[in-house]
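Could you have a look at this structure, given as structure tokens, before my questions?
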Amino acid sequence: MSTPLLQTTDLQLAFGAVVVADHINFSLARGERLAVIGQNGAGKTTFINICTGLIRPQGGSVHFDGEDVTRLSPRVIASRGMVRSFQLPQLFSEHTVRDCVRLAAAGKSGRLGLWTPLAQAVSKDAVDSVLEMVGLAARGDALSAALPEGQRKLLDIAMALVLEPKLLILDEPTSGVSTDEKHGLMATIMRALDAQKVTAIFVEHDVDIVSQYATRVAAWIAGRIAADGTPEQVLADLEVRKNVIGE
Amino acid sequence: MPQELYALAVLDGLSYAALLFLVALGMTLVFGVMNIINMAHGSFYALGGYMAATLGGWAVAQGASPAWSLLILPLAAVIVGCLFGGLMETALMRRIYDKDPILQLLVTFSAFMIFEDFQRLVWGTQPYFVSDIVNYLGTTDVFGITYTRYQLLLLPSVALVVFVALRSFLKYSSVGRQIVAVSHNREVSTAMGINVRRISLVTFVVASILGALAGALASPTVSWVPGIGAEMIVLSFAVVATAGLGQIEGALVAAILIGLARSFSVYMLPELEVLVPYLIMVLVLLFRPQGLFSVAKARRV
Amino acid sequence: MKMSVLSRLLVGALSVLVAAGALAQVKPAELKVGITTFLSGPASVFGVPAKVAAELYIEQINAAGGINGVKLVPSFIDEGVGADKLLSEYRRVVQEGGTRVMLAGISSGNCNIIAPVAEDLKVLNIMWDCGTEKVLEDKRYRYVTRTQANATTEMVASVLYLLKTRPDMKSIAVMNQDYAWGRDSWELFRNTLLALKPDVKIVAELFPKFGATDYSTEISRLQALRPEVILSTAWGGDLDTFVRQAAQRGLMKSSLFILPLAESSLERLGTTLPDGVIVGARGDHYFLHPQQKDDPKLKNFVQKFRENTGSYPIYSVYHMVQGLDGLVAGYQKAIKANKGQWPSTEQVADAMRGLEFRGLTNVVKIREDGQGLEDQLLGLTKKTPEYKFPILEKIVIYPAELITTPVGQKSPEWVKTIKPELLSNPRFKQYN
Amino acid sequence: MTKPKIAVIALVLLALLLPLALPWIKTPLILGTAFGIAALGISILIVSGQISFGHALFVCGSGYAVAFAARQWPDLDSVLLLALGAGVGALLGVVVGSFVVRYRGIFFGMLNLALSMVLFAALGKFFTLTGGTDGLRLERSPFFGLTMARDQYESVLLVTCVVLALLLGWLVQRYLRSVAGQALAALKSNETRLEYVGISAYQTLWIGYIMSAALCGLSGAMFAIAQGLVTPEMGYWVRSGEIVFVAILGGVGHPVGAFIGAGIFEFVKLFAAAYLTGAWQMVLGFVLIGMVFLAPRGVSALLEPRSSLPIDNEQERP
């Protein structure tokens, strides 16, 4: 494991006066489970958007798996193996749960077949196993728009997982989910990640969840990484306690 | 082409642009506030012309002085705008604001088809033409070329007045401000307690009046025949798109741009005259899809 | 499956045709006449009055016993729906109604399209108003004839009258509608004019699009060019608009206008048209026709038409009546040739050739190529106290046979061979 | 047997048997079928949430291409002419699509409209080449190598059109179920995510656009050889509107919708032309408004409510 899986060098981005990425130097090794914490507007999602190619930084570069992906489109980056889920589930609202996953699976191959029906174009097992992992196998034929928020999150993640990413970035997987569901949800996700041995970054507010599931924590404050280390260290850090957890 | 011809081309272009602008203004207003391209907007232009011709003919029959036209023309526009614009908004538009854009376009297109035949059923197919006002205002010579004062002075000044009036109406009057607010964000405006229903109606009627006014003003110099609106709708499309959707100042510039381009082409390459507006529209949309004067993004991703 | 369906279709269709063919011999209870005319669109300024005329005149014919007791029953088709829709309507009327006679149509474009279809459908088609000379010069038809003149006759007459009024004219500009009639009529006019007066300068050829509503730029340009003569073969709303805008801007003071179709706009334009404009009538039709104005047939119809519509007949009205008169005359000739028996469509079609008949004005003769020979009438506008619109003075009537392309020749070439001697032909009489 | 299947069979029988009773109706039927095929093309775009008010461009363009070819080589077989039409349509689709598919919503619609108006104006203008507003006539060309009389020709053409319609309907259905087709529908509901799962929205829409253009081109060829005439009118924006009209009226849920829509359209037109002259547009207008409010998903959706997708739905954006 010589090269880090993800490495950002001196990332800079500002919307007018608001600095959302302040010379971010950051690297992630394979197998890590990084929890990103920080208050809203601290630049967490912006960081994800930059890494996944949705936003271009004003300075600095992003290297994924040893290659420069700074100027690449989300599509290309995804096909290279850096995949994300969304804070607000991004689903194909007119498709069934299974078809959403199938489309994602089809995307993995990147070929747009005009002849073979979607159902046959992708491996049934791959789709089923992912649905199994996230526990949506039973809802396969439901219209994605009809699912409750928790399950929509899971579907959103399933659509990412089926791409068999090297790195999966989860943007607030538990937001909008009731507290008692949160742990079940995270457990499911983690099981799925373990099953595929996926390196993962997840943005999270809930300290319990962070300390329970993360191997490493990075705290964002005003567009920079204020603290980075094991959950114990970071969650003990005074600045973090003051500005992030808010005590 | 000789020097003075440039001046002439400009004069011709401006009087044409004036009408173009008035129609486009209504269309761009509706889009700005309701986010709908009203395919039937050209019909208001046609109806305005017919109404003006009818009233004008009646007035002449009463032996009224042509000067009355100065009153009759806007009156016709207001009647058409309130009657047909109001009807269309209350009967159709307000039921589709929350619908899919495709269906919105389709509904206005249906309205267009209905208006087309409606004109024919009411006004028949013979040309209408009441031009007393033009002769009444007389002519002016420029470089030995005779122009009617009506086209040379009246049309452009009316267009300018309307432009300034609308601008200040939107800026200073409370209704105007509400219209602007709604155009920025429907939901928020509703939350702010603005009666969006009412504002939409007002906007649509005003827009219809503008379209009809252009028709009314054109009627004294043009034989009014069925189908005259279908042509206008595409031209004002061209203006609105060139300017950028919802751009009022832009519409003014774009109208002048297209008006001048057209008149110059008549002098230089007459064969291209009809093509010019659409060519401009295509070029602009290709290189600046949001239009010349708009900052909106072409696509949401 | 496909073939069987196909064969069934054929059988069905053929049987219908055969049945129709058989019917034609027996004297029918009524004679269905399909009439295409503009009921919508700009050209309805001709079409609608013509429809009224057709109804009035067919009523008159039927009142007089129709054709050997067979009454005419018209059914109208709108030419304004566009050529392709018109075609399927035309087919519908012929195939559905078993109509044996069609009067079509006004638009040159439509005539060009319909003629081959009529030949195809084996239905007698009388072109009652369209002017294009090409249709009968490019192809020989059996079922297609024309009961009036064509563009060549009209344009040559116009040039002759122009050169009579302005023998030493130097420059001309044209402003025609941009479609077949506008382009072709200009080609004929130009070739004729240059044949008779090679030194004339053509300073501008403007073809604004059909149905244009604003000519101010064209007018500015014409004023800048100052041509001595301005020709426009435009008609209907376009002509009205152009003339009005031109008059409003004094263009008609600086140039002599020649408007070969303006007879149809005289009453609508009222006093807009100044004195001394050359106006043509696409034929010799005029309610003050110098030779026929006291003829009862013309007088009565003009009066009847005015009672119905409140306006004077225009050329499309005269052409409609002429078409119907030609139809009746053709049938009567065919019946005579058929020893009193009701003729087949083919017999009538053949009888139309060499037919001589009279509409409301001078006698029309139909040549063997189906082309009608119709005299041409032109004059200068003059305002008079009796009428709310200008009437024509200094009228000249041009006998058709002197100014129509001989059978088998192509007009654009033939007109180039016209010799200046024609100008001084003694048969061109001027009336005052 | 599902209701749409029944509808298909009913339509086919109607199209093939009606002429036995009313020979004159062949031409309207052919034109109706051609219209349906164009609407089928448009419905592909509607699936992707895009609407074009300029697809008459492809109908008209191919029509003229066919007319030119038929005038150049009078004994060119009608089958080849039809193929040519589809080919030219596809080719135009490749070119125009390559830049048009970058746009969405109203911009997409307007750019298409503008381009079609350029063609319309140009055809009307260059009289010597295009015959101006009168258009071009083309003589009846041989069919399957045989020269036929009008009546026989119309019958063969009708059958050919119906068979083509069946074939194309099936192909389009197949396409819409394929990865590319499903991606097209996904592009409507969530383009961002489509890109994030590695599918190119540009390619997806371009493919759909080319297909729709090819179908419109074919229908243009049908119009041309059925009428023996092409006019710029074929490319006027109102015609584009009528195609969209037909597609929405019939519904995009099932290919049969396009043809149901075309059927209704032609029927109303014939009916109105015969009984209330000069008001057929008005009738159609009211019909469509009725549809939009009563059955926004079109007639075909009434046949099988579950299968077809609602046209109006809340869209999700990041």
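Each chain carries a letter (A, B, C and D) given by its place in the written order, and its residues are counted from 1.
Keep in mind that, in the parts below, contacts are C-beta pairs under 8 Å (C-beta built on N, C-alpha and C of every residue); 3 or more make two chains touch, one makes a residue touch a chain.
Note that the structure is predicted; figures quoted are calculated from it, not measured.
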Distance-to-centre winner among chains (Cα means, whole assembly as reference): D
Most remote chain, CA-based centroid, reference being chain C: A
Centroid spacing, where centroids are CA-atom means, of chain A and chain C in whole angstrom: 78
Distance between the centres, which are taken as Cα means, of chain B and chain A, whole angstrom: 51
Whole-Å separation of chain centres (CA-atom averages), chain B against chain C: 38
For chain A paired with chain D, centre-to-centre distance based on mean C-alpha positions, whole Å: 43
In chain B, residues with contacts to at least two other chains: 120, 274
For chain C, residues that touch 2 or more chains besides their own: 39-40, 207, 209
Multi-partner residues of chain A (each touching 2 or more other chains): none
Interchain pairs in contact, sorted by label: A-D, B-C, B-D, C-D
Chain C-touching residues of chain D, taken from the complex the two chains share: 16, 19-28, 31, 121, 124-125, 127, 131-135, 137, 150-152, 155-156, 158-159, 163, 223, 227-229, 231, 233-234, 269-270, 273, 277-278
Parts of chain A lying in touch with chain D, wherever the complex brings them together: 52, 54, 73-75, 78-79, 83-84, 86, 88-95, 99, 102-104, 106-108, 110-118, 121-122, 145, 159, 163
Residues of chain C defined as touching chain B within the complex: 38-42, 44-45, 47-48, 80, 206-209, 211, 213-214, 216-218, 220-221, 223-224, 236-238, 240-241, 244-245, 248-251, 268, 272
Touch list for chain B against partner chain D, complex: 31, 37, 39, 92, 95-96, 99-103, 105-107, 109-114, 116-118, 120-121, 230, 234, 237-238, 241, 245, 271-272, 274-275, 278-279, 281-282, 285-286, 289-290, 298-301
Interfacial residue positions of chain D with respect to chain B in the complex: 46, 49, 51, 53, 99, 102-107, 109-111, 113-115, 117-118, 121-122, 124-126, 191-192, 195, 201, 237-238, 241, 244-245, 248, 278-282, 284-286, 288-289, 292-293, 296, 311-313, 317
